[in-house]
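Here come two complexes built around chain A, the first alongside chain B, the second alongside chain C.
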Partner chain A sequence: MSTTTWFELSAARDTLTPETERDRRRRRILVLCAPFLVLAAVAAFVPLATMIRMSVSADRFANVGFSVSAWRTLATDPLYRRVAVNTLWFAAATSAVSVTLGVAVSHAFAKYSLPFERVLVSVVSFPIALPGIVVAFMVVALLGRQGLVTNAVAFFSGQGPIDLATATTVTGLFVGYVYSLLPRATMVLRGTYAEVNTDAEQAARALGADPLRTFYYVTLPEIRPGIVAASLLTFRTALAIFGTVLVLQGLNVATLQISQVLSVGYESQIAASIGLVYFAFILAVTFVGLRYTEADVIRR
Partner chain B sequence: MVTVELDDIRKTYGDETAVEALDLTVADGEILGVVGPSGCGKTTTLRTIAGFETPTAGRVRFADEDVTHVSPERRNVGLVFQSYALFDNMSVLANVAFGPKMQGVEKAERRDRAVELLELLDIAELADRAPETLSGGQQQRVGLARALAIEPNILLLDEPMTGLDAKLKDRLRREIGSLLDELGVTALYVTHDQEEAMAMCDRIAVLNDGRLEQVGTPREIYESPANEFVAGFVGSANLLDAQLDDGTVDLGFTRLHAVTDDTSGDATVVVRPDDIAVGSGSIPVTIREYQYLGETTSAVGELPDGQQLRLRLNGTAEETTVGTTVSVAIDPDGVAVVDTA
Partner chain C sequence: MTTLRTPQSLGKAAITLVTGLVLAVLVVPIAVTFVSSFAQSATGVVPTGFVTAEHWRTALGLTDVGARRGIGSGLWFSVLLATGGMFVNLVVGVPIAYALTRYEFRGREWLNTLAVLPLVPGIILGIAFLRTYPDNAGTAFGLVVGYALLKSPYMVLTVQSAFQSMDLRRLEESARSLGASWPRTFVTVIVPNARGGILAGSIITWTLAAAEFNFTYMVYTRGPRPFSLFLYENISRAPFLQSAAAISIYFCLVVAAILVLQTVGRHGFTTT
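Moving on, here comes the complex of A and B:
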């Protein structure tokens, strides 16, 4: 038995039957992380390996042979380029709008005594727990043919509700996305606002800065880590939204496309390839995000 | 710099009254200290002048101009905080130049003004540093330079020395005091440290429970306190029951010929430990407790009638122990009447 192996075995034994505080700490970490490691292995690593195999399978219904045709289709077919572009711009735009609204809402909660504040916080927060399909239905109830807004506009403009309904257009989908993303952005930003140095804001006011310039010069730099974190969270969430887009359609994004290739013709290799690209992209965004949510990095 | 007046200010938060019937004037070029226990309304008063609180009633005037409802950014007041409140995302120079920038001062001029102030405060070498890399004392100097850069109508200092160590506090106190004098700045200096207020301020306002108890020079406040609260809050004091009779103060255990306008009746008088000579006189006092404080020894003794008396045992500490009886004399000039029945 080599020295290294003996050392490793010894370390493992010390962790399992610890005698020092360092070993006991290691065992606690192991116990705390074990459920996640098991879950990650079963729910993520194993399916991921299967997906890699599936994407290069020669057959749709069984993982046999080897073919890169799915990857070639993904790289060359204009449809998939369009799906990628749609997915990215839509997630970026809805994320940007949600974070902007989130900043406004969090600012209002942090800086002013609002009437019925608890009720308002609940109203802003509760959509976080709504299934996407319910959000879609709410958009239909608002902007569909029988929708409240649609019929109100129809009443005043004299146009027909059918012409005015926007629930199943990009606009309707946009509203649905922002409705789901706003509470996530607000949740992160309210935490950030709690850390803002209010004395510095007041110093700026006393030095002649009006509220808008105080926000720009003092508050905004302080909440920047929160804005980055909220943007990453909402962007990744927007990439993953499915229920809302399945009902409203409006725009062909990656999640909808995976659903379509599986339901029409069961093109498992294409679905697996999109899934893998998706996985790699979100992993990359997460790593970049972790780096930029560090306040020190942002300050530099 | 201007004269700042608070005219019958009242500030309430729901059922809570923070400040009540406050009349206060900070004269042009004066440093007015505001002292009092926690929750007495000091900071509310400062924030009312700054414009961050709108009084429930009363008026705030800068040079006779009513600014009660003017927003903070249009009052031109310099604020110095206990927490320094520097802008962490800006260099020291940018912090100091921030106010002039908001006032629309040209870039070159605001830079010159900032450099000049940093030199005046002896921190010119820190101009390019980030605030978070500075010590507490350095940060407070930057905070002061930043507040002075706008040539404020009034400089408001909110416990600026709290959190600094004793030696630095003493140095900064002397430096800031002479700088403000030199610049002729009108300032309101809020502190819970009466010694700091005495050292730095031309006059002191003592607040208690939202009300103004007394305003006067440090000497007036210390030597002629208006009431028991002021006597007890500012410095160390003995409050003794007395009987006044034609310029004579009868303390029961001794009679003093003290100068007083109150001619007769029951009264409470204040006697500072400094006005009690230990080792001479005829009043016997039994030492009940004492604390050695280095430069002096503070003691509490018991008078023949059971009342307690705070003493200072300069140079006699070694031979004094608990239970020892010493003789003391009270300087009649140091006796002030604070309350008459």
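Moving on, here comes the complex of A and C:
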């Protein structure tokens, strides 16, 4: 970030009065990037810097004084270790399930002639547009007390729907996460499947390999970059989910904890420090992930 | 022959079954919600008592049901906010998408990562806004700026994929050799040629901003209530059928968005 800004600034000095084509080009790049950099500064850099200050503020309502008590709480209180563990295993597990199912769905889209394929693709992409709170309602519509699945099971088993409802448990939350993540994974994998070399698959089949071996030895290596990209995308997305957890509860993950420390006692320093750890972690995951995949794949 | 064919059809059957189940889990709740919004009663396995527009009328604020407020002016407020965010994204996203696709320069990879990845979760940006802009975080201005930042990756990605499919250098050089200045080339040749991608990016960022919840929930304090908070209030407090109608308003918006996206050659609600 800082290298980019520095570069833009030093370029600006040379490009105020361009004389060569190279200077003019620099000025163009600067002019094209300037609006974005202004937005990033106003809406991201300055607020994030303020949040660093906020986390070590002595006062809850204003940035005054200096205190590291929020960071100490974060480091020592076992509650936060539990929150961190919850957040990580849940994001990892939901991502793994979503990507696995996404491979199956995009495989079916790419290899089998499904009826109404265009409509089906739109259907799979539909949940990408839904905010987390609406996804939570989708889980309630299936697994809540008045949910379709709950009532169908209740009807056939004779039990009460209230005992059977799982929407507000970890199971319900799991379904909610997968509901958000699976469409994103599928859309990335669909792009990868479009580039798979079908000649190699046909050759493997012609040489006598069964479909499972063909998939494992030929198709899977080809779609591996897509799997990495989809895993990274879903993991990052899972970490940022908030609305779904706010409605369904079920598990105390970091985003829920942030909103709780704010609504109970407005412990803004703790909220800010969780937020910073979170942001730093997402940034680290992204850059580590970028090393293991082509930058081009990640853009999807 | 049967021994050869069995594993193949077995695998195919399994994958088709999984795909069918996945599609069902994705679609059924949407369908149940939409259909329920027209029902009179939701007790029992399936909703009953069709067809009533009562819940829709309440959700849209056409009837006055005591303390339960309809969407009313909040919908228009969110439409304005989403439109504002979309325009900021056009001004910000189209030029940088062009710079990143057309030119090689130092720091390009960093800038690209910054521009195409949503790095700050909405809830965290919300906390940061509250302290940074204490008087403006929850106003129309704060919300538009926040939405613009949160949704800008979708604009940059979509426009970038349009630019990547064009021969930018040749387009630029032909226009320049015919005497057009560089700014004129950009505005009258480059941008119109990428209009499909720009339109798609606008629709996606608009739709996502219209129902943005995490950031809005954090920064909202007073004034007209944005659409997503109306949805939240319904989901957390209103009866099932009432919430179903409120959410169905947003479904209609998404379906409209997908239909327009298909006219510009996109398959579904995605940036690729």
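Basically, the second predicted complex is superposed on the first by the 268 of 300 C-alpha atoms of A that agree within 3 Å, B and C clash if a C-alpha of one lies under 4 Å from a C-alpha of the other, contacts with A are read in each partner's own complex, and residues count from 1 in each chain.
The definition used in the following text is that a residue touches a chain if its C-beta (ideal position, glycine included) is under 8 Å from a C-beta of that chain, and two chains touch if they have at least 3 such contacts.
These figures come from a predicted structure and were not determined experimentally.
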(message) Based on the shared chain A superposition, would you classify chain B and chain C as clashing or fitting together?
(response) fit
(request) Would you sort A:Ala108 into first (chain B), second (chain C), both or neither based on which partner it touches? (result) second
(request) Mind working out whether A:Tyr217 is in touch with chain B, chain C, both or neither, as first, second, both or neither? (result) first
(message) A:Ala203 in the overlay: touching chain B, chain C, both, or neither? Say first, second, both or neither.
(response) first
(message) Going by the contact rule set out at the top, does A:Tyr179 touch chain B (first), chain C (second), both, or neither?
(response) second
(request) Spot which of chain B and chain C makes contact with more residues of chain A, would you? (result) C
(message) Just to be sure I read the superposition right, which of the two partners does A:Val288 touch: chain B = first, chain C = second, or both, or neither?
(response) neither
(request) Identify the partner contact of A:Arg118: answer first if only chain B is touched, second if only chain C is, both if each is, neither if none is. (result) second
(request) Once the two structures sit on chain A together, report how near the CA atoms of chain B get to those of chain C, whole Å. (result) 5
(request) Indicate the residue numbers of chain A shared between its chain B interface and its chain C interface, in ascending order. (result) 210, 299
(request) Can you check the complex and tell me which residues of chain A touch chain B? (result) 197, 199-200, 202-210, 213, 217-218, 221-222, 299
(message) For the complex, give me every residue of chain C touching chain A.
(response) 7-8, 11-12, 15-16, 18-19, 22-23, 25-30, 32-33, 36, 42-46, 88, 91-93, 95-96, 98-99, 103, 105-107, 109-125, 127-133, 145-146, 148-149, 152, 156-157, 160, 182, 207-208, 211-214, 217-218, 228, 231-232, 235-236, 240, 243-244, 247, 250, 254, 257-258, 262, 267-272
(message) For a test of understanding, state which residues of chain A touch chain C in their complex under the given definition.
(response) 1, 3-4, 7-8, 24-26, 28-29, 31-36, 38-40, 42-44, 46-48, 50-51, 54, 63, 101, 104-105, 107-109, 112, 114, 118, 120-134, 136-142, 144, 146, 148, 151-152, 154-155, 175, 179, 182-183, 187-188, 191, 210-212, 215, 236, 239-240, 242-243, 246-247, 255, 258-259, 262, 268, 271-272, 275, 278-279, 282-283, 286-287, 290, 295, 298-300
(message) Which residues of chain B touch chain A once you look at their complex with the stated criterion?
(response) 50-52, 71-79, 81, 83, 85-89, 98-99, 102-103, 143, 146-147, 149-150, 156
